[in-house]
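Shared chain: chain A. Partners: chain B in the first complex, chain C in the second.
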Partner chain A sequence: MREKIIIGLAAFSGALLAWNMNTIFTALPDELNQGAIYRIIYFHVPANILGMVGFGLGMLFSIGYLVTKNLRYDALAASVTEVSLVFASIGLATGSIWARIIWGVWWAWDYRLTSWLVCWLIFGGYLMLRRAVDEPNQRARFAAVVSILGSVNAYISYKSIEWWNTQHPQPVLSIRNGGGMAQGMEAPIWWNLLALACFSAILVMVRMRQESFANEIDTLRRMAHAQ
Partner chain B sequence: MFLRQVWTITTKDLHSELRTKEAWNASIAFSVVILLLFSFAFDPSSEQIREFSGGLLWMTYAFAGALVLNRSFAREVQNDCLDALIASPVSSAALFVGKALANFSMLFAVELVSLPVFVLFYNVPWGAAQFLPMLLVLVLGTWALTVIGTLFSALTVNLRLRELMLPTLVYPMMIPALIAAMTITTNLLAGSPVGFGIRFLVAFDIIFTLLAVVFVDTVLVG
Partner chain C sequence: MKSTPFAEWRTLSDPEISVNRNVQYMLLGLGAAWLIMFIYVVLITLRERKLRKELDRVRHMVESASTDR
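After this line comes the complex of A and B, so read on.
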């Protein structure tokens, strides 16, 4: 069943991405001020949304673990956070490329960029911490606490473009009262978000399966050692 | 009851620190040395210093503070003191707040010693008008460093790779508070308005203190 869901999601996300690419590269015109490079927004924004939402989901699953003590929640939190970190990296990289063209520098130390990099470092630390603890329940507890504390920073990063007058562009999406995009230019962002969200769901499912194998191996190893 | 337990833990930590002065000496020496090293990294003229004084000061405090905070729970590992503390009728929250208060007083003392050194070495323009606001920023910023440092000191105490994990987790967590404290300090010394920073620092302190008090039991006991 899981196999079929994964294949189905992959087909859907692949088809949607292909159709989106067609819209983005052939149907949409260049942006008035930025030229062709503005198209990076169709990956930059969805990747960062997935990163941010993923860190938030990771926090919810971590709370779920702390409440129920069910290690499945911990595995979910770890998988979601790991995938989100990949998307956050994509977001940082695409943003950096855009900045090189538009601002002339690869990096600027404004609040949005800095706070997002801090998040990236915190959740990188989260994954390192998971490797440093051997006992599964202790690992789950520690990781959950770091995930919850780290999510505060994810929220700070989310709000930073409203709180401070950053060099990073102010909100442009209509759901954040931005409304800064021309007719027809915003929709592909949402379609791409859907496609990438399906893709990240596949990654999480694969990662979850790997986690359950790892647990099984760990249990078997403990049994072997106990004898 | 809670307050008395907190007080007992705080005085216990301060007593044992005053007897050995290990963390205290290391921290003071480190902060003076790092202030000295900064003076070689660039030529501190009094115009420039206005622009990055806050950054210098808080970087010194963050690194010197790590020396105090790292040892907070690590010193309880010897002779299984930590297990005894957890088994004692003191709640984890009281243990945490007590230790945080002890760390705060130690770090604050280190800061009060290194602040005049900083002002002297770098010819920082210093007036009575800056004193009280600066004290407020010191208290708020130091509390932010202490809460996060103490919680992670508890989290990493039994970890292999403790020395590696602590800085990778603690410094990124501290950065928002450090940035706020740095900007306020720089603005104060330059005589410009302090701005958004104080509110941010207060919110940061409240949120992380609450989170730490709630989760310290999860970290220590499970």
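After this line comes the complex of A and C, so read on.
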């Protein structure tokens, strides 16, 4: 059943991405002030949204583990967080390349960029911590605490463009009362978000399967040692 | 070989060059996004292969230990 869901999601997200890339490159005009480079927004924004939402979900699963002590929640938190870190990396890389053209620099130490980089480092540390601790319950407990701290930081990063004056633009999407984009230019962001969300769901499902393999290996090893 | 007259050389302030640079960076940005996804998919596939091999090995080890007893 899981295989069928993965194949279905892959086909849907692949088709949607292809259709959306066609729209972005052939139907949409260049932006008046930025030219062609603005098209980076169609990956930059969805990737960062998926990163932030994923870190938040990871925190909820971590709290789920702390409350129930069920290791399945920990496996879910680890899978979602790892995939979210990949999307956060895409957000940082595409943002930096965009900034080089628009701001003339690769990086600016403003509140948004710095808090998001700190968030990326915290969740990078989260994955390193998981490799460093062998005992599953201890690992899950430590990781849950880091996940909660990192998610608070992710929320600060999300709100930073409203709370402070930043080099990074203020909200432009209509759902955040931005309304800074011309009609027709915003919709492909949401379509790309949907396609990438389906893709990230596939990655999380594969990671979950790997977590169950790892648990089975641990159990069999313990059995072998006990014999 | 035909030489290019100096007057036809383009300088960095030429608007056409900055348009080209703009497109180059756009492709670089989109390429980076695809590359990061591709690298992660490769890593996750390799990890899956390694885990499956390890699982088979440990299963075999446990089975042979129980038959030996």
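Just so we're on the same page, the second predicted complex is superposed on the first by the 227 of 227 C-alpha atoms of A that agree within 3 Å, B and C clash if a C-alpha of one lies under 4 Å from a C-alpha of the other, contacts with A are read in each partner's own complex, and residues count from 1 in each chain.
We adopt the following convention: a contact is a pair of C-beta atoms (placed from the backbone, for glycine too) under 8 Å apart; a residue touches a chain by one contact, two chains touch by 3 or more.
Because the structure is a prediction, the values reported are computed rather than measured.
Enquirer: Superpose on chain A as described above, then tell me if chain B and chain C fit or clash.
Expert: With chain A aligned, chain B clears chain C, so fit.
Enquirer: With both complexes overlaid on chain A, does A:R141 touch chain B (first), chain C (second), both or neither?
Expert: In the superposition, A:R141 contacts chain B only.
Enquirer: If you stack the two complexes on chain A, which partner ends up touching A:N22: first (chain B), second (chain C), both, or neither?
Expert: neither
Enquirer: Which holds for A:W164: it touches chain B only (first), chain C only (second), both, or neither?
Expert: After superposing on A, A:W164 lies in contact with chain B but is clear of chain C.
Enquirer: Once the structures are superposed on A, label A:T68 by its partner contacts, choosing first (chain B), second (chain C), both or neither.
Expert: So A:T68 meets neither chain B nor chain C here.
Enquirer: May I ask you to decide whether A:S89 touches chain B, chain C, both, or neither, giving the answer as first, second, both or neither?
Expert: A:S89 contacts chain C only, not chain B.
Enquirer: Put simply, what angle do chain B and chain C open at chain A, by C-alpha centres, to the nearest 10°?
Expert: Seen from the centre of chain A, the opening angle is 110 degrees.
Enquirer: Enter the shortest inter-chain Cα distance between chain B and chain C once the structures share a common frame, rounded to whole Å.
Expert: Nearest C-alpha pair, chain B versus chain C: 23 Å apart.
Enquirer: Across the complex, what residues on chain A touch chain C?
Expert: By the definition above, chain A touches chain C via 34-37, 39-40, 43-44, 47, 86, 89-90, 93-94, 97-98, 100-101, 199, 203, 206-207, 209-210, 213-214, 216-217, 220-221, 223-224, 227.
Enquirer: Report the residues of chain B in contact with chain A in the complex, numbered from low to high.
Expert: 148, 151, 155, 159-161, 164-165, 168-169, 172-173, 175-176, 179, 196, 207-208, 211, 215, 218-219, 222
Enquirer: So in the complex, which bits of chain C are touching chain A?
Expert: So the residues of chain C in touch with chain A come to 19, 21-23, 25-26, 28-30, 32-33, 36-37, 40-41, 44, 47-48, 51-52, 54-55, 58-59, 61-62, 65-66, 69.
Enquirer: Looking at the complex, which residues from chain A come into contact with chain B?
Expert: Listed in rising order, the residues are 66, 114-115, 118, 121-122, 124-125, 128-129, 132-133, 137-138, 141-142, 144-146, 148-150, 152-153, 156, 163-164.
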